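What follows are several structures.
Here subunit A shows up in two complexes: once beside subunit B, once beside subunit C.
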Partner chain A sequence: MRSLYVEGDSRLHRLSPRIKLILLIVVSLALFLTRSPIMLGGAAFAGALLYGSLGMGWREGWLRLRPILLTIAVVALATLMLNTVEEGVVVLLRLTTLMLVAAAVTATTPVGSFIGEISSAARPFERIGLVRADDIGLAVGLVIRFVPEVVSRYEILRQAHRARGLKLRPMTVIVPLTIQTLKSADEIAAAIDARGIRGHKPPSRS
Partner chain B sequence: MSTRDLVLSALFAAIIVALGLLPPIMLGFIPVPITAQSMGVMLAGVILGAKRGTIAVLLVLLLAAIGLPVLSGGRGGLAVFAAPTTGFLIGWVFAAFVTGYLSERFVKNSQGAMLQTAGFFAAAVAGGVVVLYAFGISYLAVVSGLGLTKAFVGSMAFIPGDLVKAAVAALAGRAVMVGYPLLPARA
Partner chain C sequence: MDVRFDQAGTSFDGRTAVHPLSLSLTERRIGIIGLNGSGKTTFARMINGLVQPSQGRVTVNGFDTGADGEAVRGQVGFIFQNPQNQIILPILREDIELGLRGRKLTRGQMQDRVNGVLARFSIGHLADRRVHELSGGELQLAALASVLVTEPPIVILDEPTNQLDLRNRTLVERTLRALDEDVLVISHDLPLIEDYDRVLLFHEGRIVADGRPEEVVAEYRKIAVS
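Coming up: the complex of A and B.
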């Protein structure tokens, strides 16, 4: 699974992830404070310039946003027809700008920096015993590691169906796929504990 | 949280991601392919229970937010949270929690197969349809300025499909419980 990060050296690439996330929150709040189509139009234009300046090529940039842009367009069209034209335009410009800025942050921040940022944001909660900050990175790593495994298990199930002349049905796929995958949990957990990855503190209750 | 619970949540998150990558599966009796990812949310609650199911769904959303294309159709990145349908994504978390919580309450080992499946179905509908749509429709109404009524009418087309998914999730949840029980028992 390839991340949506794009190699580059733009100003946005060099900005710290924390500042980018704070800026994203500020931009999204600001977008919902104004209702002026002219100001929102300017913002959308600026967002498009920003997104276009990251050097990922037109095709790639368009393919990434197409499904989201489609839902925005459908909803904006509904608003335009059911309410007023102005409201439809406001919805379209506002959400498109937000999408462009958010996509720009994603394209300029590597996955590792995000995880570092989230872990340090979770530290205060660690002190009150709500989460262990390092578990977040561990869990994310496990998911990325096991997605290909689940897909290849599906492939084996598909071939098993074919060999027996059976059609793929939700029940005959999901049930064995889930049981096979979850059965490996004990082994993986034992391997993690044996290596002391989560520290040697006794595990909390539950 | 024990290491085993953490691993179970992560593995289930991987299953939800994989369900978004796989081609849609045809049901036997209706000619509509079902996209399996949103069913994965109900399955998480039904199979893992409230706590681990919620964490599994949170992990999927976290992966999407940090820039991995884990949502169906290869969507990912912070931009997916800018769509008018973002309320449904946020609702996933609460849907998994409610489905899991109610599954723990409704389904007991002493019950017969029919009753267990019915319990799972009721839990999946309450979480994966009622709670999910409450979040999705409220968010859509506010962001689009359409108002609750129009947002509700616009979302109704998807409810029959989600009821079918709840039924499949209930059947699958019971089959997994028989084969490899994980659901924490609750008095």
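Coming up: the complex of A and C.
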């Protein structure tokens, strides 16, 4: 399996995962407090500088963001067509900034640290019986773990199409990709069970 | 080990994967052989409770796989056929640590356990490596470490030498021989189990031979060519 984490020694790498997650939440909220294209443009520029400072090559940086950028472009285009040009630009800049900052946090934080932080954050809710904190952390960690896996499965399917001289069609990609991902999720769930990762109640011998 | 099947069998989608059987497994090293689809993996999964019997009962060291699932998984470590699916997180150290979360260990105790298991399999140098960069043999050792860090007394390995080259196969084989835990190995690699204490031969969901490796392997050869 591939990882979204990029090894490095940047300031962001050294920052505690908790602070990074809090900053991400603050930035996300702040982006929705303004509608000024100039301010959002500045934020997007700052986000790009932050993302660019992580030490990964431009090509890798671009490849990681490409699928999300495509989605953002579609959303911005739809907004532009259904509303105003300004509205479309605001959506484009806001989501792009969010993507850049989130990608920077993901690239500088190992999945294990994410799991630890999210589990700690959910602990108060566990105390009042609402959730199992470790499950929440594990679920978030698994989502992050699966993103590059789905991308690499897509790449394999694309190559398989090329090798057989087939045209890439949504149905011939989405169906096998979904089946493979669900199958893999099933196997991971079995591994989680087999390794006893979820919960450890005191045993009662029969 | 003390694994007992009491008229335990299982079926899925109207097909019997393992016919009801009664037996007890107490030897230290047990091999399971048989053709593809003969029920070996299902049988092994019944031992750690990943597959529940649709009839009868399975117990492991006194724990019922149905009623005490968590306790059973604490007794039995399971290494999957594809170790890629065994390893959940992308960095080896993180993945091994994951198995220790929720066990009320301090950070230091967790580190000690992780470093201990890495040293045990001589893979300390791989601790901070990405799992997808590891070779087949290293991956198998990594999967073993991720399971044995929780110190289960029994370990089940599903085709541990499958798709390994000779060097990696030898590495895994040597590691398995040195394990202190009780071992149950499903394998098509017959030399791997030739000195085991007991071998079970599965065919069409039933155990058709059970005994010393040489006798059971001879029986297997007859089935394979028939």
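We adopt the following convention: the second predicted complex is superposed on the first by the 124 of 206 C-alpha atoms of A that agree within 3 Å, B and C clash if a C-alpha of one lies under 4 Å from a C-alpha of the other, contacts with A are read in each partner's own complex, and residues count from 1 in each chain.
FYI, contacts are C-beta pairs under 8 Å (C-beta built on N, C-alpha and C of every residue); 3 or more make two chains touch, one makes a residue touch a chain.
Only a predicted model underlies this, so the values are computations on that prediction, with no experimental measurement involved.
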| item | value |
| --- | --- |
| Which superposed partner A:L40 touches (first subunit B, second subunit C, both, neither) | neither |
| Partner chain(s) touched by A:V27 [first = subunit B, second = subunit C, both, neither] | neither |
| Touching partner for A:D134 - first (subunit B), second (subunit C), both, neither | second |
| Partner chain(s) touched by A:A103 [first = subunit B, second = subunit C, both, neither] | first |
| Touching partner for A:P67 - first (subunit B), second (subunit C), both, neither | first |
| Which superposed partner A:L92 touches (first subunit B, second subunit C, both, neither) | neither |
| Touched partner set for A:V151, first subunit B, second subunit C, both or neither | first |
| Greater residue coverage of subunit A in the superposed arrangement, subunit B or subunit C | B |
| First (subunit B), second (subunit C), both or neither touched by A:V111 | both |
| First, second, both or neither for A:S184, with subunit B first and subunit C second | both |
| Common ground on subunit A, meaning residues reached by subunit C in one complex and by subunit B in the other | 1-3, 5, 110-111, 115, 142, 145, 184, 188, 192-193, 198, 203-204, 206 |
| Subunit A residues touching subunit C - in the complex, by the definition given at the top | 1-3, 5, 110-112, 115, 119, 134, 141-142, 145, 184, 187-188, 190-201, 203-206 |
| Subunit A - residues contacting subunit B, complex | 1-5, 24, 28, 64-65, 67-68, 71-72, 75-76, 78-79, 82-83, 87, 90-91, 95, 98-100, 102-103, 105-107, 109-111, 114-115, 118, 132, 135-136, 138-140, 142-147, 149-151, 154, 167-171, 173-175, 177-179, 181-186, 188-189, 192-193, 198, 203-204, 206 |
| Residue ranges of subunit C touching subunit A (in the complex, touch as defined) | 48, 50, 59, 62-64, 67-68, 70-71, 73-74, 77-78, 80, 82, 84-91, 93-95, 97-99, 101-103, 130-132, 146-147, 150 |
| Touching residues (chain side subunit B, partner subunit A) in the complex | 1-15, 17-18, 21-22, 25-28, 34, 36, 39, 43, 47, 51, 55, 59-60, 62-63, 65-70, 73, 75-85, 140, 143-146, 150, 154, 168, 171-172, 175-176, 179-180, 182 |
